[in-house]
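In the two complexes that follow, chain A is the common piece, with chain B as its partner first and chain C second.
So, the complex of A and B:
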C-alpha cells in the first residue's frame, strides 16, 4: 500500500476515533442531564448519611458537584464547563474516598483491568482461532469435533454462572487458588518477585473464566470461516497439485480466514470494559469494574462518570491502535 | 413458511434441539398466567423448602414458590428480550437499508455513527443510566435504552446485503418504473434481508438477556419486577448458596442456559439455512 493512501486511511481513522469519543462523552452528558432527580443533593445525602462531614467540606463538595454536573450557568456554559473538565481529566474529588481525586483512583485501577483483560482476550483469541482453524480444515479429527460440541455448549453460558462455578470448584471443593483480590494483602506493591508471582497467581481464576468463555466463540467463528475457504477453487487446486497439507493450511487457508477474526479481535478488545465489570465483581479484582460497581453502590457520581469516560477513551484507543497497525502487517487488507 | 419450518425440523438436528429448548422455556413462561398468587408477594408459602411434589422447584427464603417465580421471571425476561430485539431490528433495518441503498455521504455519515455505537462500551453507560435514574428505572425504559444501543452491528450486516441488491437489475427496473426510495426499500429489498433479520433477532435476544442478567445480578435494574437476573440477585442477597438453598440459584441458571443455548442453536441453524452451500451439505448428509 502506498504511503499516501495509508496516511489518508490513518487520518480517517483518527477522525473516527475523535467521533467515538465525542459521541460517547455526549451520551454521558445527556444521560446525566436526563435525570428527574437532583443528582447533587442525592449524592451529598448518600455521603453524609454514614457519618459527620465538616460543613465546609460539604459546601466544597456541593459546588464541585454542581460544576461537574454542569448545573451552574447557562446551558451553553454548562456544556462547555463539562467538556473542559473532561479534557483536563478532572472529575473532582471522589465522594466515597474523599478527598482523593477521582483521577487518582482511576489510574490506580486501570493497570489491573487492562492487564487482566488484554492478556486473557488475546490468549482466548489465539487459542480459539488456531483450534478453530484446524477444526475447519480437518473435519474428521475426533478431538476437534468434540471441542466443537463443547464450544457450542459453553459459548452461550452467562459469564456470571461460569465464574461462580469456578469459584466453587477452586475456592471450596479444591482450594488451591486464591479466589479474591489482585495480590496478597501483606505484600507491598513494588516490582518484587513475590509481588509479581502473587499477582499472577491471583489472576489465574478470573483469566481462566474469561478464556473459557472466549475460546468457544472464536473457535466457532474461525471454524465456520475456514470451512468456507476450504471449498474455494484455489485450495482444491493446491491440494491436487500436491502442496503439503500444513502449507495449505497455514498460508492458503488460515491467512485468508484471518481478516474477519482480527476485526473481531478489535471489537472484542473494545468490549473489554463490559467483561471487566462482572469478572472483577465476582473475583474481587481491584480494577475499573470493581471501582465502577462500588461507586454506584456508594452514590459517587464523579467516580462513575470518571470510569465511564475512561472506558470510552480506552476502548477507542484500543480499536484505533488495531485499525492502524493491521494494514501494515497484512497488505491484503483493503483500505477503504 | 411452514415448508421452511418442516425442512428445518426434518434435516437440521441443531434446529430441533433449539426448538425443543426454546419451546420448553416458552411453555413455562406461559404458565405464569395460571399462578395461584401474584409474583411480587412474599411469604405466601413456607420458606426454604427443597423441591418436592407440592413445590416442584422448592421455595425461596422469601417464601415464594420457585416454580411460579421462575415462570414469571421467564415471561418478563423473554418479553424484555423480544422488546429490545423488535425495536433494535426496526432501527437496524431502516439504517442498514437506507445506508446501503443511498451510498455517498448519507452512507458515510450513518456508518460513522454506526461504527461508534459498535465500539462504545455499553455496560458503563447502562450503569451510568441506572445511577442517575435509580428507582425510576422500569424494565421498559431499560429495554428502550438497550434497543437504542444494540442495532449497530446488525445494521452493518444488512447494509452489506443492501449494497449488493442495489447493483442488481431489478432495482434499476423499479427505479425506472417510478418507485420512490421508500417503496424500493420496503417492497423490493426488504424481503431479501428478512432471513438475516430473523437470525440476528436470536443473537440480539441472547445479547440483551445476557446484559440484563448481568445488570440485575449486580442489582442495577428494577429488581422488584421478577426476571431471571433479579431472581439470582435476591438469591445472592440471601446467600442462598452458602445457606444450602441451591435450588433457588440452580433453576433460574438452568432456565437461562436453556434460553441461551436454544436461541443460539436456532440462530446457527437459520444461518446454515440461509447459506445454500451448507444447506446442501446438511440435506445431503441426512439423506
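So, the complex of A and C:
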C-alpha cells in the first residue's frame, strides 16, 4: 500500500469522522430540544409548594430563570451559542444542578463508568474469547461443551434479571458484598488502601453482572469463528504436517479468528462512554448512565448533550481508530 | 506440584480473606469510622444528588433539600406538626411567640428568641430574617422570591428580636410562609450572604447551621450526607426539648424499593422513607425489629395530602358538575383501595385528608350532613353517601389479614376511613343523560355526538401506587362504556400539569397542615385570581383550574379571620360542602407513606400510639424525632 494512497484515505476518513460527529451532535441537540420537558417549568414546579403567588410574580421568576439558564433568545441564537460552547468543550451549566458546569458533572461520573466498564469489558472479552476459541478448536472437551451450554443459557437472560439475582444472593441471602454505591460511606475519595479496596469491593457485583452476560456473548462469537477457521486448508495442512496443536491453536487459528473479535472489542470500548444505564441504576453506581437518565427526566438539555457528545465521540473515535489501523495491520485490507 | 494445584492453593487462601473483608461491615452500606450506636441512618428520597456540594437551599433546583439540610441544619420561625407534636402541634421555633397581626392583617410582627446562634458562633438576630426576605426579593430567580415579592411591601427590624412585615394586601396567613409544614422559607445567614456577589450562584458549602447538627461529610457523588450533633446544640431552637439521641445522622440513597427492604433487613437503613405496600408487608413479616406508623395493617403514615381524581375543569367535558359526579358514582372505592394499596388506604369522601386532627375537626362532624346530602339526577333525588365503606374494606381484609384488622369502629375509621360514595351506575347514567350525553351501543357519546373519551394522567413508575389507582379507575369507567385511557406522564408531569395538558390526573391539589384545622394552605391558591387562562401555565396548587364565585367568597372570608379562630373551621366546612356539591376533584384517600423504622439500634420512633411527630424523614418536622430517640439495649 502506497503512503500517498493511505494518506488520502486517512484524510477522507477523518473528514467522515468530523461529519458523523457534527451530524450526531446536531441530532442530539434537536432531539433534546424537541422534548416536551421544559427545565424552567420543572424548576418553577419545584417552588410552587411555597405559598401563594400572583401570576405576575411567577412570570418574573420564569423570565429570570430563562435568562439565568441561557435559554433566552431565539432558537437560532441559542443554537449558535451552543456550537460556540461546544468548540470550547464547554457545555454550559447543568440546568437541573445549576450552576455547576456540565463538564464538572461529566468529569466526576466518567472515571467510575470508564473504570467499571473497561475492566468488565476486557475481562469478559478475554475470558469469552479464550474459552470460545478453545471450545471451537476442541469440540470433544466436556468442560468446554458444558461452558457452551452455560453461555447459551446466560446469553438471552435479560440483564436486569441477572443483576437482581446477584443482588438478592450476595446482598440478602448471603450478604457479603455491597449492593449500592461506588465506595463505602464516609471514606474520603483518596488513593488510600482502604478506599481502593472499597472501590474494588463495590465494583464486584456490577462487574460480575456485566461479565457473566458479556462472556457468554464473546464465547459464542469466538467459538463460531474458530469453528470456521479450523476447516481452512492451512490449518488442515498444519495438522497433517505434525505442527503442535497448541501452536496451531495460538498461531494459526486464534490469531486469524481474533480480527473480528478485536473489532468488536474496540467498538465495545468506544461504547463505554454511553455508560451502563441499567447496571448503574440497579447498583446505584455513580456513573454516566445514571447521570444521563436523571438528566433526561429533568429536561436538562445541557447535561444530556454533554453525555451524548462524549458518547458520540467515544464510539466515533473507536471506529475511526479501527479503520485507520486495519490497513496497516491486516494485509488483506486494501484502501482505494 | 502442578501449576493448576498451585493456583488452587492460592485461591483457597485468598478467597476466604476477601470474603472476610467483604462480610466485615466494610462492604455494606454503613458509614465507616462511626460507631453504629451513635449513628442513625435515614433514607433521602431525593435519591442520588447530582449537585452534591450545593447547600444553598434558597437557589432554585440546585441541590438536595432532604439530605438533612432542611431537617437538621436550617430553621425558621414556626413549625406545625401534622401529628400531635412534642408540645402541641404548634412550635415557636426561632420565634418567641405566635405571629401578631394588626387589625386588618396588613402587618405581621414576629418576636424572636434570644440565645440562638449559628454554628460559626454568630448570634441569630432579626437582621437574618430581614436579609432572608430582601435577598430573595432582589433576586427573582431565588426559591421564595415570587411569594415574598407578591406579599411583602417592606420588612424591618426595629430591634434585634423584632421583625415587622408590612404586607401589600391583607393576608391573615402570611406567617404560613415561615411555618414548616413540609418545608418553609428557611432563614439564611446574613453574615455569610452579604459577602456573596451573586446569591443565586453561591453554593453555601460548607453550610453554616442554625439547627442542632452540622455537616460532617458528604459524598461528592451525592449518595450520602453525614451530619454531626453540634457541641453547642443547646444554642439551637431544638435544644429546648433536650439532647438529640443520635450523635450522627446519615441521609443516604439506598436505591429502589427492593434494595431499601434488603438494607433494612440487614439493619443498614434505620428509617425507610417510603416503599410499596408489598415491600412494607414483606418487612412486617420478615423483620421483628421493623415498626411502621400503625403497628399492624395498614402500617403506613397518612400524609396530610389528598390523592384524588383531579379534573381539568377548563376542559369543556368536565365543566358540568353532573359529569364529574357521574364519574364519581362509577368508582368502586373498595376496588381502588385494593388495587392501589392492597387495602392499606385511609379513604376520604370529602376534600380534606383524613389525617392528624382532621377526622375530629371535619370528617366526624360532617357525617350527618353527608348522610343527608342529596343529588338531583334529573329523574330523582338520591343519597349517594355510604357511611359503611370503611367498615366494608376492613371486613373484606379480615379473612386474609386476621387479627391485624381492627374491630372497634373508631379504630376502623382511623385506619381505613369512614364512608364514601356508593358505586351507582344507574345514578351515573341519569346524571350523564341530564348533562346531554347519550349511550349508543354500550358506549357513551358527548352532547355533540363524539365518543366520551377521558384520559387519566398518572406518573407511571415514579408513583406506582397512584398509577395503580388510576388504572383501576380507568377499568371501571371503561366497563361503564366510557372511552377511558391511561396517560402516563412520567418525567413530563410538571410541565403538562402546569400547562393544563390533561383531562384528569391522579394526584393531589389538597395539602393541609394535618395537625391544624386551617385549610388555607391549599385553599387560598384556589381563588380565581390565581387561575390561569386556558393554555397558560397554572401556578400553585389549583391544578384543577376550578374557579367558583362561591369558593372565592369563602376564601375571602378566611382571609379576614385569624389562623386559630374557630370560625375558620366553619368556613372550612363551607368549602367541604361546596366541594361535595360541585365535585371539582373526586377525593380518594390519604397518601399513605410506608415509612418503616428499624428498632435494632434506636427506639422511641413516632408511631400512631405515640404520635409526637411526623416520622417521614424528608419532612422538616422530622427533626423532633431525634430528641426522642434512645439507643436500643
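Descriptive notes on the structure:
Keep in mind that, in the parts below, the second predicted complex is superposed on the first by the 248 of 336 C-alpha atoms of A that agree within 3 Å, B and C clash if a C-alpha of one lies under 4 Å from a C-alpha of the other, contacts with A are read in each partner's own complex, and residues count from 1 in each chain.
The rule is simple: a contact is a pair of C-beta atoms (placed from the backbone, for glycine too) under 8 Å apart; a residue touches a chain by one contact, two chains touch by 3 or more.
On a predicted model such as this, the values are computed, not experimentally measured, just so you know.
Contacts of A:328 after superposition: neither chain B nor chain C is touched.
Applying the stated contact rule after C-alpha superposition, one finds that A:296 touches each of chain B and chain C. Look at A:18: by the touch rule set out above, it reaches neither chain B nor chain C. When both complexes are overlaid on chain A, the residue A:175 reaches chain C alone and has no touch with chain B. Once the two structures are superposed, chain B and chain C can be ranked by residues of chain A touched, with C on top. In the superposition on chain A, A:44 makes contact with chain C only, while chain B stays out of contact range.
When both complexes are overlaid on chain A, the residue A:8 reaches neither chain B nor chain C. By the document's definition of touching, of the two partners only chain C reaches A:96; chain B does not. Of the two partner chains, neither chain B nor chain C is touched by A:236.
Of the two partner chains placed by the overlay, only chain B lies in contact with A:31; chain C stays clear of it. With the contact threshold set out at the top, residues 36-37, 42, 164, 168, 296 of chain A are in contact with chain B in one structure and with chain C in the other. Residue ranges on chain C touching chain A, taken from their complex, read 19, 21-23, 26-34, 47-48, 50-51, 54, 59-63, 139-141, 143-147, 149-151, 176-177, 182-185, 200-201, 217, 219-224, 226, 250, 252-256, 258-259, 262-263, 265-266, 490-492, 494-499, 511, 524-525, 527, 529-530, 532, 537, 539-541. The residues of chain B lying in touch with chain A in their complex are 112-113, 115-125, 127-134, 136, 206, 210, 213-214, 217-218, 220, 232, 241, 253, 256-257, 260-261, 263-265, 277. Those residues of chain A lying in contact with chain B across their complex are 16, 19-20, 23-24, 27-28, 31-32, 34-37, 39, 42, 152-153, 155-161, 164, 168, 228, 231, 267, 270-274, 277-278, 281, 292-293, 296, 301, 304-305, 307-308, 311-312, 315-316, 319.
Those residues of chain A that touch chain C in the shared complex are 36-38, 41-58, 60-65, 67-68, 94-100, 105, 108-109, 112, 164, 167-168, 171-172, 175-182, 184-189, 194, 197-198, 201-202, 204, 282-284, 286, 290-291, 294, 296-299, 303.
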